[in-house]
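The two complexes that follow have subunit A in common; it is paired with subunit B in the first and with subunit C in the second.
== the complex of A and B ==
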């Protein structure tokens, strides 16, 4: 069994036995392909994303965990660090700050935290980022709530 | 599919400390038990030797804390190796005892005592860990039916000494049968440090002699023999080639090709491919793993993983045998890696 398969089976076993409440589901899309996963995150409480369910597509390279997995949002998300159309996520741990000690579960939790803590200085969605940079939190929150209601509920 | 995947969550939730212990003895990179543990001299984080070297070939940072880390900062951690070894040996047994029959042969008093003790271990850890009373020791033995090969604090009983893991290697054949058979009905199987095959504890010495002389007769040693063909038969585990670092930039393509040929590695492709092949090889550094290198190359260079699944699975099956050999055969080689910064060789 290759290193990547073995490690992913371990992660899957760990996930099947205990899953935190932030993650609704995290599993391979197809039983025959361990390198493509699907995750569903619950919108963080006390944010405009609350009650929304967000689907992610996870593509895992053969060199995992030396190289990071690629995560993209399938559900359209209004967030300064998420590209609205492609679902691309701008997060340092998915690029330069990746460490092989991260797991798929911890990576999903990091994205869950990113939803609640946007970083407007490196935006992929300029409109959302500009609202935050201007300090218009009411505008930002209602925009996010609108999209959450439209696409993820 | 999950049967051979061991995980900290195998431990029942109420034994949180065992779960944590299990977790702590694993490599943060591959999530397996630490194999030839290497600790960083700067930050103290510990990984499998092979895993951390793979990471360091990409980025000279500690995978846990992102501190600067190079191969020369790694130090072997023998205590952890021994801990992992004994924990692995006792794991199955302890797990079976804890999960399948909570009411073990010894009656209720054990069931009573065992649980509270584990739950309060954090508070009484020092007292219990430092001074194991004879009462506690025998108690634990009875409760878990341990045959001494895991967490006995100090083997006070003479009869247990005979089967302690460290003495497996030095016991004489006759001795082992005399002492061993009286205690156990089943013969203890140990894995050969050279070829990885499971061998009766009592015959390990004679097996090892044969093995090191290159005369293995085990049916599953086909791969082993074939990959050994390039090595002179008399080569023992201690004389496997030492891994050397190459300054790839200073090498011409033809020189690199020559180096690969000398090492017995496939020398096709351009310089970049050969360089990738050599850098994957160097931490592994064992002729038995050459085939695994081929597998790595065939999977790593495929751009589209989804279309290669059938072959991937075939390959997995084919290489699982080799990996079994590798896990043990690699040990002496990795241990022989110099601890001083490896000098560049051109």
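== the complex of A and C ==
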């Protein structure tokens, strides 16, 4: 068994034993392919994402966990660090700050934290980032809530 | 004592370090007032490391030469080791920690020691290491071990843990290190633990990579690379594929008055300050200013770079194809100077004006034409001479081959005994050096304010330029109405004379810059 397979099976066992409430589901899309996963996150409480469900596609390289997985939102998300069309996510641990000790679960939790704590300085969605940068949090929240209602409920 | 792959930098081009003591006035510059080479004695001069002291040959140096050393990879490695070993007893911590502390503080020993003495534990932790952590070792036989990367577990697993508490199996560690090393990293490689700031020290890395000689070698290379990049007193030779590192302790603050030209063992002569090709006698800041100006004025310089001109007499188009400025029109046989377009006959006399921009006529010109036009003309005057010497230097190299062939031909035809042509390449080397110096001397002159000191400089410049042109002409056409022996003697004599003029100009400008003899304008 290859390192990546062994590791992912262990991760799957761990997930099946216990999954945190932020994550609705996290599992391989297809039983025959351990390198492609799907996750569903719950919108963080007390944010405009609350009550929304957000689907992520996870593509895992052969060199995992030395190299990071690629996560993209399948559900359209209005967020400064998420590209609205492609679902691409700008998060340091998915790039330069990746460590092989991160798991798919801890990575999903980090993305959950990002939803509630946007980083407007490295935006992939300029409209959302600009609202935040001008301090228009009312505008930002109503925009997010609108999209959340439209796409993820 | 063996020199550990280091060259002493006391040599002058193109007289490659024969050590001739023809320093006319014996003037050796006293650098003491401006800066102190011995500043770093603590680091480089002390001798418990087995190095020869760097500061040794001040008296043999010409006034325009600086102290430097050329190191190969082996020498650079030893240099690092010496610096580390010297500090271990001072800090009295392990060599592994000392090494990281030095690298982490860009090898600034003094400030590191200061910081360390005020709070040793914090200094070590800030650098990503752990005080009192046991030396890293490969462990096995631990029931409770689980590798957080591959999830292998059990007492049969071999693993390594750092002071931070994170432990991983050797297979995972080696894969992880290999990836980082191939990305060019070395001592900055961190523990694979999530968000962990601990560094994988060199000792741990060497332990883990013991069975991966290729990767370990890359790792050591990366360490040396960062050593040279992090230290202000080291730089890489900029020649493509050259692996030598140069050590020079002329501080940045002195680059305005000293041109730190160094000669790499590969033959490349470059400025330690700005990494450009040797630009004596102009200091770095004027070179930078000038090149920026040339870039801004690219249209005019393009126009000037054109390789053709018209004969001043018959207007026939003439192409320059040799380094010599003495032009003879093929059509009307008019002889003139390529640079100033003046008749060549005037250039042969002491009353030589080609190098000198006539400030008077530019003053008068302000009445009739605009001031900006006068400024442009002033710039063009210097620029055309600058670029002309640049072009001539390139042509001189090509010239060597043709001249050698010609001379060999002559020998065969005249059934004369073999004359070695070494003197020709010596002459061409000298020509190239003079062209480079003359080229940059026009940049110095461009920024100099007009006064008596500038006149003296221009006299030296003019002397060198005239001597250079004569030698160039001789090398281009050595056996013209002469026997080969005569030509050889003439060229050797002229080369020696040019060398004297060259050294005079370099000595004078080196001293003048030190004494702030000239005022520079924008």
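As a working rule, the second predicted complex is superposed on the first by the 153 of 153 C-alpha atoms of A that agree within 3 Å, B and C clash if a C-alpha of one lies under 4 Å from a C-alpha of the other, contacts with A are read in each partner's own complex, and residues count from 1 in each chain.
Following the convention adopted for this analysis, a contact is a pair of C-beta atoms (placed from the backbone, for glycine too) under 8 Å apart; a residue touches a chain by one contact, two chains touch by 3 or more.
Keep in mind the model is a prediction, meaning the values are calculated, not measured.
Enquirer: Would subunit B and subunit C fit next to each other on subunit A once aligned, or clash?
Expert: These partners clash in the superposed model.
Enquirer: Once the structures are superposed on A, label A:117 by its partner contacts, choosing first (subunit B), second (subunit C), both or neither.
Expert: Neither partner.
Enquirer: Of the partners subunit B and subunit C, which touch A:70 in the superposed model: first, second, both, neither?
Expert: In the superposed model, A:70 contacts neither subunit B nor subunit C.
Enquirer: State whether A:137 touches subunit B only (first), subunit C only (second), both chains, or neither.
Expert: neither
Enquirer: In the superposed arrangement, which partner chain does A:18 touch: subunit B (first), subunit C (second), both, or neither?
Expert: Touch partner of A:18: subunit B, not subunit C.
Enquirer: For A:51, decide between first (touching subunit B), second (touching subunit C), both and neither.
Expert: In the superposition, A:51 touches no partner, neither subunit B nor subunit C.
Enquirer: Could you say whether A:101 touches subunit B, subunit C, both of them, or neither, answering first, second, both or neither?
Expert: Both: A:101 reaches subunit B and subunit C.
Enquirer: Superposing the two structures on chain A, identify the stretch of subunit B from 1-9, 73-81 or 289-297 that clashes with subunit C.
Expert: 73-81
Enquirer: Shared contact residues on subunit A for subunit B and subunit C?
Expert: Touching subunit B and subunit C on subunit A: residues 3, 6-7, 10-11, 63, 65-66, 97, 99-101.
Enquirer: Can you name the residues of subunit B that touch subunit A in the complex?
Expert: Residues 1-2, 5, 7-9, 28-32, 51, 54-55, 58, 61, 63-64, 66, 295, 299-300, 302, 305-306, 309, 312, 315-316, 319-320, 323.
Enquirer: Which stretch or stretches of subunit A touch subunit C in the complex?
Expert: 3, 6-7, 10-11, 63, 65-67, 93, 97, 99-102, 106
Enquirer: Within the complex, which stretch of subunit A touches subunit B?
Expert: Subunit A residues touching subunit B: 1-3, 5-7, 9-11, 13-14, 17-18, 32-33, 35-36, 61-63, 65-66, 97, 99-101, 103.
Enquirer: Can you list the subunit C residues touching subunit A in their complex?
Expert: Where subunit C meets subunit A, its residues are 148-152, 166, 168, 171-172, 175-176, 179, 190, 192-196.
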